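Two complexes follow with chain A in common, the first pairing it with chain B and the second with chain C.
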Partner chain A sequence: MIAFIVRRLAISVPVMLLIATTTFFIMRLAPGGPFMSERGIPPEIQANLQAKYGLDQPLIVQYGRYLRSLMRFDLGPSYKYPERTVNQIIREGFPVSLQLGLAALIFALLVGIPGGVISAMKHRGFVDHLTMGVVLIGISVPSFVMGPLLVLLFSLTLYWFPPAMWGSLRQMVLPTVTLGMIYAVYITRLTRAEMLEVLQQDYIRTARAKGVGEFRVLCKHALSGALLPVVSFLGPAIADLVTGSIVVEKIFAIPGLGRYFVDSAFNRDYTMVMGTVLFYSVLLILANLAVDIVYKFMDPRVEYK
Partner chain B sequence: MRNRELFVRVALALVVAVAGLSSGCERHSEYFGRVEPPKENVFRFNNGAEPQYVDPGLMSGQPDGRIAQMLFEGLMVMDWKTLQPMPGVAERWEVSADGLTYTFHLRGNAMWSDGTPVTANDFVYSWTRVLDPKTASVYAAPLFPIVNAEEFNQRKLDDPSRLGLRAIGDHTFEVRLRRPVPYFLFLASFMYCFMPVPQAVIEKYGMHWTDPGNIVGNGPFVLVEHRINSKFELARNPRYWDKQRVRLERVIAYSIDDHSTSANMYKAGALDWVPSGGFPDDYVRYMRGRFRDLRTMPFLATYFYSMNVTRPPLNNKLVRQALAMAIDRRAITDDLLRKGDIPGAQLVAAGFSDYHSPPGLEYNPQKAAELLAKAGYPNGQGFPSLEMSFNTSEGHRKIAEALQQMWAKNLNIRLTLHNVDWPTFLRNRRTLNYDLAREGWIADYPDPNAFLELFQSINPNNDTGWKNSAYDRLITQASEEQDPAMRMELLRRGEAILLDDAPILPIYTYASNSLIKPYMKGFTPSVLDAYPIDRLWIDREWREREGDEP
Partner chain C sequence: MATVQNLTIPEPPSGASVWALARRRMFSSRMTVVCTAILGIIVLVCVLAPWIAPYSYQQIDLKLGATPPSRAHWMGTDTLGRDLFSRCLYGGQISIAVGIVGTLVSLIVGVLYGAIAGYAGGRTDELMMRFVDFLYSLPFLFLVIILLVFFSSSILMLFVALGLVQWLTMARIVRGQVLSLKNAEFVQAARLAGTRAPGLFFRHLLPNVLNSVIVYGTLTVPTVILQEAFLSFLGLGVQPPRSSWGTLISDGANVMGLFPWLVFFPSLMLAAVLFSFNFVGDGLRDALDPRLNVQ
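Up next, the complex of A and B:
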C-alpha cells in the first residue's frame, strides 16, 4: 500500500511538470500582456515595468526562473495585484471556496437523503409528486437563474437574508442553497430510485414480517443498501464543489478562488493563471489518490500493484 | 389525477405570491429599496473592482484612488465643488513670478498614523520614489515637468539629488519646474502619485508595506482590514490633524465587481452609496425620474471613436469628415442610452466654466454624403469594408450598432463590428492594427488640456497615427502661457484644428449616475465624479428635513 502511494506521488511529479510547462507557454500565446492599460504608458515606463518583473528576459529564461521558484513553492507576485503574492491570494481564497463547497455538500445531503427516502415511502402519493416536481425544477434551473431568484425573494422582498457577501451564517444561506441545489436534487433522485428498489427486496419483507418497526426498516435495513450509489456520486461531486463555483461566487460576491480561474486569464495575470492551474492540479491528483485508497478499504477485492 | 391537480394549484399559488410580494414593496416609494440608516456610525459603499494597488505611488484606477484618498493626504486637497486646490498637508504655498518655483509651507501638526510628523523630506522621498525607474510607476509622467524628472525616470540621469525637489528644514518643500505648468497645483492636489508615503515603513516591509498590519498613512482614516475581492474596512484616524471635521467613525468599501449584485446590496439597504458605473445601465434607464436616490451629473469624460489615419480610405480627411457628420449624436444619447449623457461633436468634455469648445462636425447627413462623394465614393460606391473594434461589452455594442446603422442609412456604406477581449483590444489600438476603435477618456485633472494633450504627436495615448505640427505647437504654447484667458484661446484653436481634421469621432460627454441613500449628507456634486468621503455624515433625522439640499 505504501509502495503504491509513493509510486503514485512519484508519477505525479512529471505530470505536474508537464502541466506547468504547457500552461506557461500556451498562456504566452494570448495577445497583450499584464501591464496593458487604457492609459497609454510611455515606452520607457513600460520598459521599467517589464524589467521590474523580469518580462524583458527571453521566454526560456523566464521559464527557468519560474521553475526555480516553483521548487521553493513560491508562485511569485500576482501581476494584477502586485502587492500580493499568488501564495497569499490562494491562502485567502481557497478556504472560502472550501467552506462554501462543504456547506453546499452538507445541505445537499441533509435535503437529498431524507427527500429521497420520504419520496420512496410515499411512492406515487402527493408528497412524491411534489418532491419530484421540485427535483425537476432543481435540475433544470441553472445556478445563475436560481441565485438571483432566491435573492429576489429572500433578500429584496422578505429581507430575510443579505443578498451577497460571505462570513456570517445568514450570509451563507443563499449561496449554499444555490450551489447545493443541483446536488441535493440529484441525491434525492438517486436515493429515491435505490430505495424503491431495495424496498422490494426479500430481506425487507423478512424484516417487516419479523415485526421490526417501519422507521427501523427504512433507516437501518433499506437505507444502508440504498446509499452505495450516493457514496460513489460524492467523489466527483466533492471535487467539483471545493474547486469553487465561478458563477455562485460572482452572484454573491464571495471572495473565493473560483473567480481567479477566469479573471486571471482575462487579465493576463500570468503568475496567477499558473498558480490556480497548478494548485488545482495538485488538489485533483491528491483527490484521485484518496479515492483509490478509499476504494481499497471499501472493496477488499481491489488490489494495488 | 387529483394529486396532480393539487400540485399545479400549489405551484401557481406560489408563483403569484412571489410576484405579488416583489411588486407590492416597490409601489409608491420615492427611493430604491430600504432607506434605514445603519445602526452604527459607519458608511458603506461599493468601490467596484478590487483595487490593484493601495500604494498611491503605483496606482492608476478610480477604486484605488478612493482608498488612497481616505488613507493619505497630499500637499493640497481638491475642493470637489469649486475644483480649486485647498490646503492639505501644506497650509499655504507661493508660486514664483515666472511660474517655475513652487514653495509649499507644511503645517506643523500633520502626523503619520504612527505618530511621527509629516515633513518636507517625506515629499522629496515620495516624489523621487515615483520617478525612480526601479519603482516602475505607471503614473510617473505627471511629475515630468519637474527639473530632471524625465531624465531620471528614463535612466539618463542616476543622481536623484539633481531633481528639482528640495526640503528646506522640516516644513518647507520647494519644487522647481522645467517649464511653467499652469495646472500644476491641480495635478498635485488631484493625482495620487503626488501623495506622501512613509519611507521607514516601505523600507521595512517592501512590497507588503500596504498590508493592514503594516500600513501607515496620514489621511483622515486608517486601514483596519483588507480582504481581497471582498472589502476594505477603515476607521477614523485619531492622529489626523483635522480629525474634528471627520464625522464618520468607520467606512466599509466593498469590492463587488458584479453590477447586479451591487444594485441588490443597495436595494436591501446594505450599501449607502454606489458610485457611477457600479450598477447596470438598465437600472439607470428604469430609475431616471422615478427614484430620488439616482443622481445624474455631467462628468469630465468623453466617449469617442478613434480612426486609424494611416489606412486608406481613412487617410482621406473628407472621408473622416463625412463619417463624423453622419452621426446623429442626440439619437444615441437620448433615444438609445437614456442615461443623461450630453451629445457633443467635441473632444473636450462639456462642463468647464472657462472653456468653450469650437463647433465640431455636427450632424448633417446631406453634407456628409456630399463630402463622401467628393472623396470619390458617390453614394458609398466602391467604399471598402471597414471594421469597428470595441472591447466586449453590451454597452459598446449598442453604440457600435447605432453608428453602423447611421452610416448605412446616411452614406450607404457597410461597416462590420469586431469585438475582442480587453488586452487584445488595447494591443490592437496601440499597434494601429484597426480601422475604427472605441475610446473613452476621463480627465486626469480639471483642465481642457487633460483632453487636448492626448493628440499631440508624441503622446503615448494618441492611437490614431495622426500628427499635426500646428496642433502640437498650439498645445505646447498653451502649456507655457501664463495668462489664463489667452491659454484657453490657444487650446480652443488647437481643438478647432483637431475637430476639422477629424482623426476622432467624438460622440458624447459622459454623465455620472450614482445611487445615494437620502440619509447620507455631504455629497457635493462634482464633475470629476469624486466625493470627499471624509466629509460625509449620516443624518438620522433626514425624513424631517426632506426637501432640503444635501
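Up next, the complex of A and C:
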C-alpha cells in the first residue's frame, strides 16, 4: 500500500514538470505581455518593469529561475497585484473554492445515493419514473443555466436566499445546489443502475433467504457493492468540479480561486496563471490518489502492485 | 481450389437487414422519436435562419429597447432592441456548428490515436494509453482557457481547443475494440493476403468499430455544445456581434432581474437540444448494439 502511494507520487513529479513547462512556454510564446495592456506607460518605465520581473532576460534563464523557485514552493509575485504573492492569493481564494466544492460534493452524494437506491427499489414504479425524469432534465440543464434560474426563482421572486456572495449558511445554499446538481443527477443514475444489477446477484438472494431484514440487505449487502462505480466516478468528477466552480463563482460573485484564475488569464498575469494551474494539477493528482485508496478499502479484490 | 469454386453459397435468409432492425429498435421508443423530431426541427430552423428569421441578428432598435415577448417579437427583444428569436436562431447555427466540428476533430484524433495504440500493442500501446490517463487527470479546460486567452479567441481556435479536449474517451473506446479485433480471423486472413496496415485498418477494422464511433460521436456533440456555451459564458467563446446560445445566456443572466425572458428562451433552446441529443444518443446505442456499454 505504502509502496503504491510512493510510486504514484513519484510518477507525478515528471507530470508536474511537464505541466509547468507547457504552461510556461505557451504563455511566453503568446503575443502580448502582462504590461502591454495599460496604455500610456512610457517605454522606459515599461523596460524597468520588465527588468524588475526578469522578463528582459533570455527565455531559458527565465525558465531556469522559474523552476528553481518552484522547488521552494514559491510561485512568485503576482504581476497584477504587485504587493501580493501568488501563494498569498491562493491561500485567500482556495479555502472558499474548497468549501464550495466540498459542499457541492456532499450535496451530490446525499441526494444521489438515496435517490438511486429508492429509484432501484421502486423499479418501474412512479417514484422511479419521476426520479429518472428529473435526472434527464438535470443532465441537460448546465450550471450556468441552473444558477440564473435558481436566483430568479429563489432570490428575486421568493426572497428566500441571497442572490450572491459567500459566507453565511443561507448564502451557501444556491451556489452549492447549482454546482452540485449535475453530480447529484449522475450519481443517482449510476447508483440506480448498479443497484438494479447487484439486486439480481445470488448473494442478495442468499442474504434474503437467511432472513436478513430488507433494510439491511439494501444498505449493507447491496449498497457496498453498488457504490464502487460511484467512487471511481468521483475521480474525474473532482476535476469537473474544479472547472465548474469557475462559472458558479462568477454567477454568485464568490471570491474563490476560480474567479482569480479567469481574471489573471485575461490580465496575462503569467505567474498567477501558472501558479493556479500547477496548484490545481497537484490537487487533482492527490484527489485521484485518494479516490484510488478509498476504492482499495471498499473493494478487497483490488490489488496494488 | 476448384472445390471451393464449386461450392454453392446458400442464400442468406431473407429478412430485415442490420440497419432496418436498428431503425425499428430505435423508433420503438416513443421518447426517442419525439426527441429526434425536436432535434430535427431545431437544427433545421437554425440552419435555415437566413430565410426564416424575421429580423437580422444585429439589427439594433434603441428606441424599442427590451420588450417582453409579443406578436412582432416572439421571444421579445434585448436591451438594444434586437429580436431575440432571430438571435436565438443565428446563435443556434454557431452552437450547432461548433458542436459538430468539435466532435469531428475529436473523432479524427481519437480514432487515429486509439487505432494506432490498439494496433501497435505492447509497449507503444502502454505508453500511449498512459499519456491519455495523464491527460485525463489534468484540469484540461484550464489549458483551453489559457489557449483561448493567449492566442485570440477565434472560432477556429475554439473548434480545435474543444475537439482536443474530447478525443480522450474516443481513443480509449477505439483502442479497446481494435485490440480485441486485430486477432480476429478475418483480420488474419486479410493480413495473410498481404494487406498492409493502413488498408487493414480502413477496410477491415474501421467498419467494425464504426458503431461505437457513431454512438459516442452523437453523445459528444452535446458535450461540445455545452463546453462552448461554458466558455462563451466566461466571455472566451464566440465574440460579438456574433452570438451563440452561450453568449445569449450570459448576456441574459446579467439583466435577469429586469428582463427574465432574455435568459429564459436561449436556456430553453440549449436545454432542449442537449436533452434531445442525449436521448437520441442513448437510443442509437441501444439500437446499434444492445450489449455495448459506452460510458
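Quick note on the criterion: the second predicted complex is superposed on the first by the 246 of 305 C-alpha atoms of A that agree within 3 Å, B and C clash if a C-alpha of one lies under 4 Å from a C-alpha of the other, contacts with A are read in each partner's own complex, and residues count from 1 in each chain.
Note that in this section a residue touches a chain if its C-beta (ideal position, glycine included) is under 8 Å from a C-beta of that chain, and two chains touch if they have at least 3 such contacts.
No experiment lies behind these values; they were computed from the predicted model shown.
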| item | value |
| --- | --- |
| Which of chain B and chain C A:Met27 touches, first, second, both or neither | second |
| First, second, both or neither for A:Leu55, with chain B first and chain C second | neither |
| First (chain B), second (chain C), both or neither touched by A:Pro43 | first |
| Partner chain(s) touched by A:Val145 [first = chain B, second = chain C, both, neither] | second |
| Contacts of A:Gly133 with chain B and chain C, given as first, second, both or neither | first |
| Which superposed partner A:Ala164 touches (first chain B, second chain C, both, neither) | first |
| Touched partner set for A:Ile204, first chain B, second chain C, both or neither | neither |
| Partner chain in contact with A:Leu156 - chain B first, chain C second, else both or neither | both |
| First, second, both or neither for A:Ile251, with chain B first and chain C second | both |
| Contacts on chain A seen with chain B and repeated with chain C across the two complexes | 30-32, 148, 151-152, 156, 250-251, 266, 268 |
| Parts of chain B lying in touch with chain A, wherever the complex brings them together | 3-4, 6-7, 10-11, 18, 21-22, 25, 33-34, 50, 52-55, 58, 60, 133-138, 140-141, 153-155, 207-208, 210-211, 227-231, 254, 256-258, 260-261, 264-265, 267-268, 270, 421-424, 426-428, 430, 440, 459-463 |
| Interfacial residue positions of chain C with respect to chain A in the complex | 134, 136-143, 145-147, 149-151, 222, 226, 229-230, 233-235, 246, 249-250, 252-253, 256-257, 260, 263, 267, 270-272, 274-275, 278-279 |
| For the chain A and chain B complex, residues of the former touching the latter | 30-33, 35-45, 48-49, 51-52, 77, 80-84, 89, 92-93, 125-126, 129-130, 133, 148, 151-153, 155-159, 162-166, 250-253, 255, 259, 266-268 |
| Interface residues, chain A side, partner chain C - complex | 15, 19, 22-23, 26-27, 30-32, 136-137, 139-142, 144-145, 147-149, 151-152, 156, 235-236, 239, 242-243, 246-247, 250-251, 261-262, 265-266, 268, 273, 276-277, 280-281, 284-285, 288 |
